[in-house]
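Order as written gives the chain letters A, B, C, D, E and F; numbering starts at 1 within each chain.
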Amino acid sequence: MSSFTHFNDQGRAKMVDIVDKNETVRIAIAKSSIEVNKAIYDKITNNEIKKGDVLAVAQVAAIMAAKKTADIIPMCHPLALKGVDVSFEWIIKETDEYHLEITTEVKTKGSTGVEMEALTAASVCALTIYDMCKAVDKGMVIGPTYLLEKTGGKNGDFKREINRK
Amino acid sequence: MSSFTHFNDQGRAKMVDIVDKNETVRIAIAKSSIEVNKAIYDKITNNEIKKGDVLAVAQVAAIMAAKKTADIIPMCHPLALKGVDVSFEWIIKETDEYHLEITTEVKTKGSTGVEMEALTAASVCALTIYDMCKAVDKGMVIGPTYLLEKTGGKNGDFKREINRK
Amino acid sequence: MSSFTHFNDQGRAKMVDIVDKNETVRIAIAKSSIEVNKAIYDKITNNEIKKGDVLAVAQVAAIMAAKKTADIIPMCHPLALKGVDVSFEWIIKETDEYHLEITTEVKTKGSTGVEMEALTAASVCALTIYDMCKAVDKGMVIGPTYLLEKTGGKNGDFKREINRK
Amino acid sequence: MSSFTHFNDQGRAKMVDIVDKNETVRIAIAKSSIEVNKAIYDKITNNEIKKGDVLAVAQVAAIMAAKKTADIIPMCHPLALKGVDVSFEWIIKETDEYHLEITTEVKTKGSTGVEMEALTAASVCALTIYDMCKAVDKGMVIGPTYLLEKTGGKNGDFKREINRK
Amino acid sequence: MSSFTHFNDQGRAKMVDIVDKNETVRIAIAKSSIEVNKAIYDKITNNEIKKGDVLAVAQVAAIMAAKKTADIIPMCHPLALKGVDVSFEWIIKETDEYHLEITTEVKTKGSTGVEMEALTAASVCALTIYDMCKAVDKGMVIGPTYLLEKTGGKNGDFKREINRK
Amino acid sequence: MSSFTHFNDQGRAKMVDIVDKNETVRIAIAKSSIEVNKAIYDKITNNEIKKGDVLAVAQVAAIMAAKKTADIIPMCHPLALKGVDVSFEWIIKETDEYHLEITTEVKTKGSTGVEMEALTAASVCALTIYDMCKAVDKGMVIGPTYLLEKTGGKNGDFKREINRK
């Protein structure tokens, strides 16, 4: 007596088959952000956080996380990354809000895109900043985190419309 | 001739010393969110996403990520987690916006808190949902991601004021 | 005075050189099985196991383990997997034995085969089921675990003869 | 409009809460087995396998896998292992079958048992032997893999009845 | 017919049993060093290395490596580290040799020492510096790497005699 | 108000872009060394170390570490290794010094070299030997560790001049 259950036909977990896809250059750019209070802004920019130089550590964490993506995101295909770059920009609003904008850019030559690698790097970058500053204030807020742009692959490029955010 | 450079005195990377802190029960609750379009909302709730049952996979990813936190966040202390729970709630706004609210709760008995574990689990949960649905639409937005509550430890409890968000 | 000891000539640990092998599509299918009692069978199929939806979690674990194979099996070459699929079938014998048959299929385009990835995925799938059900009964038995089929590579295909098992 | 979905109440993935359980000494002993043909038996015992000394490598793999268990099995609690031991015994049947019996023993002092660590170590030990010998024959069969014994913890000890296997 | 082979009695791989050892505070201090040429010394101290701020990245790498020690060194027991600190000192000899001295200090409260964590952190620190500067010159030399001091544990303290090096 | 900070232009952490580099065969050979006392030399060569067969375990550790290099060294590109070999030679000096020379050779077909993989394998090999023998004597010294030779890649080959060491 056999009761067959092929869950994948029912929509369960599967790493989709990309064995026939071509290897092309693929680039993805993601953004995240973390809002901090004035005390944290001052300490980061004056390098007075006890755990260390916050942005330097966060950059390393972001790059290492990009490489760990397939280990963290269950259905992600492993990819040999060819370049990862992380940059920061402070946006200080009149209303005394301090936003650190994070931009990650990931490149590979492979048969699937690197959107998840760029998004994971941006998220881990923000989480690392939270970790290093949380002794000062636990009220920091992370996000929005989103894909800004991707190029390469047969499905065409993606570019986020500016008026959406 | 010696030119001494003890970077830690200059505020560089350091895993802070907690050897004298007591082991107590510590709980942290974090929140994240992902905004999806109607097509994705329909496919998730009808279990029609090609990569699998989205929320089931995201829950597993969140729990495994909580355990990997000290490997992902550079200055985090390793902690033996004693419990991790992840739950979801759909918030559907009149304006046709579909938000999936993610709540993670992490417990340990240790000498430092589990805020980072809860925040990492919530972030990876959202990233996994993005990964599984990105073939439908790459415009999903993750966040805000923040700490809702923490208890345990000598520095007192933290509870996010509701009117802040 | 020098006493040379090149252990590899004596048959010690070595990751064999495959730098001259061609990259071709390679597929491997492996099988494992776990025998459970009626109480566990009922709880799995009714989704009443306290730790969660057993088969959904086991599928995710299997796919993630396939990606970790080169980290787990010492002499395995790292490979960029291109697809992983896991399926289940219940075999219920008249004698009141409940066997959950696990089948894993792994694909890559590379210079060595993916037998170990398929076998590791199948084993971890069974171990995860054990973990999630062990509060009910610790007497579950895993196996036999074996390679069913492999294609690709210069050494020819392998297909298990049915009368052997 | 809110449609609440707390999957855990529906039986989905959760790392169960053990924060109130006592730390006690816990020991688990697991068994696995791999059946090989005469050619492989001869090569292993004469140390003629090209990839290295098979049993020495398999022992290291088993011990390292025991430490990775919480990273491999999704709902497993991380545990600080206090000892891991692996041993082998050849069972050669008259019918020309060569079985290598694997026994793993794992110890910890913690708030949950080490059954999964012992079972994972035994499984990875067998998989490593498969990997190192598969160039000779791919027809090897792994298993049965099962828990032989566990002690420690409030739920009482477990000892496998001999007549079951 | 059975031919018993308990390799551990023959001196093979085993994670030694420490289940009965007391948990005490343990500290280890290790040293490593990397010799670089003038061009690299100038670029590091002027922060002109293309891959980034060399010492900041190396510090992060060292701290993360300390946490990975039990995953890298096969027979090492996993330990919950309570503090890791890394510092640098340039020793410039008259003979135009530029040595960067690396000191790592690791603390835990556990049933075995943290010598391997301190040594692994120091080694990875030096390797990271090599990686970041190797585009300038591949002739850098790492070492000597050694344990300077350890305290805690029933076997007594260790302090390296100065005249030995 | 925006205060832009692109740290990479200031020399901070970045994984350099190799997306346009050709895939060629690349080989790197590294050396390390560990100096032990007579008691340890005797125990290793007589296989009397309690933790196991020292050189067999160290070889496995070295090969596994080569595969982990991109996870350990922050700015390293992930590479699919095609072969790793580790060998040992005892150099016993008249002055009663026992040096175990370690040589690692790593091969890949990729767009960047494997110097870091060979150096990491050699370092971890030495660290593993230290770990397995430290119960006998903690005064062992590791190093010098250096690159002996590399071939492949557009920047030309590297061969260490003998009179330098």
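The definition used in the following text is that a residue touches a chain if its C-beta (ideal position, glycine included) is under 8 Å from a C-beta of that chain, and two chains touch if they have at least 3 such contacts.
All values reported here derive from a predicted model rather than from experimental measurement.
Expressed in steps between touching chains, what is the minimal separation of chain C and chain F?
When the steps are counted carefully, the minimum from chain C to chain F is 1.
Of the other chains, whose C-alpha centre is the longest way from the centre of chain A?
D
With residue numbering as the guide, point to the option in C-F, A-F or B-C that repeats A-E in over half of the contact pairs.
B-C
Please report how far chain B has to rotate so that its Cα atoms sit on those of chain E, a copy of the same sequence, as a value between 0 and 180° in steps of 5.
Angle of rotation between the two copies: 120 degrees.
Residue numbers at the chain B-chain D interface: does the shared fraction exceed half, giving same, or fall under half, giving different?
Interface between chain B and chain D is built from largely different residues.
Which one of the chains is farthest from chain B, going by Cα centres?
For chain B, the chain whose C-alpha mean is farthest off is F.
Indicate the whole-number Å distance between the mean C-alpha point of chain A and the mean C-alpha point of chain C.
The mean C-alpha positions of chain A and chain C differ by 31 Å.
Roughly how far is chain C from chain D, centre to centre by C-alpha average, rounded to an integer in Å?
Roughly 13 Å, centre to centre.
Touching at least two other chains at once: which residues of chain E meet that condition?
Those would be 8, 12-16, 52-53, 56-57, 59-61, 64, 68, 71, 74-75, 80.
How is the touch graph of the chains shaped: line, ring, star, complete or other?
Looks like something else, not a line, ring, star or complete graph.
Any two chains that touch count here, so list every such pair.
A-B, A-C, A-E, A-F, B-C, B-D, B-E, C-D, C-F, D-E, D-F, E-F
Would you pull the chain D residues touching chain C in the complex into a rising list?
Listed in rising order, the residues of chain D that touch chain C are 8, 10-16, 32-33, 47-53, 56-57, 60-61, 64-65, 68, 71-76, 115-116, 119-120, 123-124, 126-128, 130-132, 134, 138-147, 150, 158, 160, 164-165.
Spell out the part of chain E that touches chain D in their complex, as residue ranges.
1-8, 12-19, 70-71, 74-75, 77-80, 110-111
How about chain E: which of its residues touch chain A in the complex?
Of all residues in chain E, those touching chain A are 52-53, 56-57, 59-61, 64.
Can you tell me which positions in chain E touch chain B when the two form their complex?
Against chain B, chain E makes touches at 25, 55-56, 59-60, 63-64, 66-68, 80-94, 107-109.
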